[in-house]
Amino acid sequence: MQAAELETFLDEVFPQVRGDYAIDHVEPMKVTVRLKTAERHLRPGGTVSGPSMFGLADVSVYVAVLAMIGPKAMSVTTNCSIDFMRKPVANVDLIGKCTLLKLGRALAVGDVLLLSEGMESPVARATLTYSIPPRD
Amino acid sequence: MQAAELETFLDEVFPQVRGDYAIDHVEPMKVTVRLKTAERHLRPGGTVSGPSMFGLADVSVYVAVLAMIGPKAMSVTTNCSIDFMRKPVANVDLIGKCTLLKLGRALAVGDVLLLSEGMESPVARATLTYSIPPRD
Amino acid sequence: MQAAELETFLDEVFPQVRGDYAIDHVEPMKVTVRLKTAERHLRPGGTVSGPSMFGLADVSVYVAVLAMIGPKAMSVTTNCSIDFMRKPVANVDLIGKCTLLKLGRALAVGDVLLLSEGMESPVARATLTYSIPPRD
Amino acid sequence: MQAAELETFLDEVFPQVRGDYAIDHVEPMKVTVRLKTAERHLRPGGTVSGPSMFGLADVSVYVAVLAMIGPKAMSVTTNCSIDFMRKPVANVDLIGKCTLLKLGRALAVGDVLLLSEGMESPVARATLTYSIPPRD
């Protein structure tokens, strides 16, 4: 699946976050997803909240899996470890750079670096495991 | 600090989530926090979203630390590992039961079980580390 | 399976760690496993090494799963998060208290508290996920 | 510190693992460490054990921090999350490729990919946090 198709699919299955994310780049086993930062994602001082960072990491791996296996299978997150390393820059988008390290029949594992747009040092890193249901 | 004071403090420092959480119980090294589930916390089917589960786990440990050391120090999350084990029950509150396993000078570690209200098996578990800034 | 059977099975499938572990207690969804601390498990100062703590946590969940599903299925660790919270006491056994939080068809999740024998505060906590292969 | 100095320092402070590790490469914020696989690191079938994989990940981040801040400070592991993704190849060395993502005054965070020598797909990945004691 390509970026535009993936965005349309996300909007359909997760209407609650419609418009929150843009898919900047897709290649085999890698995607870049953008949180279009808005007031509802922020904490006092204008920095992105922890749940919004978690959400971006989670969506990034979801999209990376979807891009590889297509929209049929509904995979679910089983585990996430996330390290918060620096304060995000206020009032800029947050970028999730995801690499799939494993795409097995039953489990996928993806690493994500989260960066405030325009900065080089990551604000957070996360690893997520998705359980992929048996295919028909 | 007691439950009512903790709720007031939360509302002041995190106005973005005002009204989302209730503090059901506080005792030394343990707290129970409730996510008053509303439409903005849900995914299709009425189940609580991953970011909302993460948010409840995060707030639970934050409140447990606050209850012990008071409102002066602003601690920040440095790490979280979370396992999603069962689908939450639709349209009921989510309960976070937190136990502090360590409350050191610089780091605190708390375990959280997340349960759909009325159920015995946890929907998720999480462990979070907070960095506590040096006190004056 | 009961404690004696479990110990015999461990010795057979993991001859490299024969004699390292004793199974102190088994009940549904819970086990207590003991690392019989020896020179090869230690670091300077007589405290148990990180890999030995990881090993005890890993074996504890393995045994807890085995106790429930029997010796046929060879489950494998897919994920571990572990927090090291206090220095172990020198020259005493290390105790792993494991609770299975989930025992599904494909995945099991167990929590482990690691304690120096005779102490109340845990030296570490860990959560592990095991992948359980399809049964015949 | 350079590779030879780091190996000498490791041998002195951790005599229990003397000879287990070689430091293949050191550059700012990155190191490559090799587990010279021997019988004591293996499980039946000749694959590297979980505790040995954990040990290599742990040493890799330790060495990466040491290479940057020198031998004075004794940092300690506070947290590790590790994903086991593929079976290691039997009877070859295991390589740990570590990148420090954060090197703060109090906390360092490092990512490690573990690879069976000669293979491209990682057998495991890990992230570790080290607590760095205040410097004199």
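Structure notes:
Labels for the chains are A, B, C and D, by order of writing; each one numbers its residues from 1.
The rule we apply is simple: a residue touches a chain if its C-beta (ideal position, glycine included) is under 8 Å from a C-beta of that chain, and two chains touch if they have at least 3 such contacts.
These figures come from a predicted structure and were not determined experimentally.
Chain centres computed from CA atoms place C at the largest separation from chain A. For the interfaces C-D and A-C, the C-beta contact count is higher for C-D. Per-chain CA centroids place chain C at a distance of 23 Å from chain D. Between chain A and chain D, the centres computed from C-alpha atoms are 28 Å apart. We define each chain's centre as the mean of its Cα atoms; on that basis chain A and chain C are separated by 33 Å.
Multi-chain contact residues of chain C, defined as those touching 2 or more other chains: 78-79, 81, 83, 85, 129.
Per the touch definition, chain C reaches chain A in the complex via residues 78-79, 81, 106-107, 129, 131. If you check the complex, the residues on chain B that touch chain C are 81, 83, 85-86, 101-102, 104, 109, 111, 113, 121-122, 125, 127, 129. By the touch rule above, chain B contacts chain A in their complex via residues 13-16, 39-40, 42-44, 49-52, 54-55, 58, 76-85.
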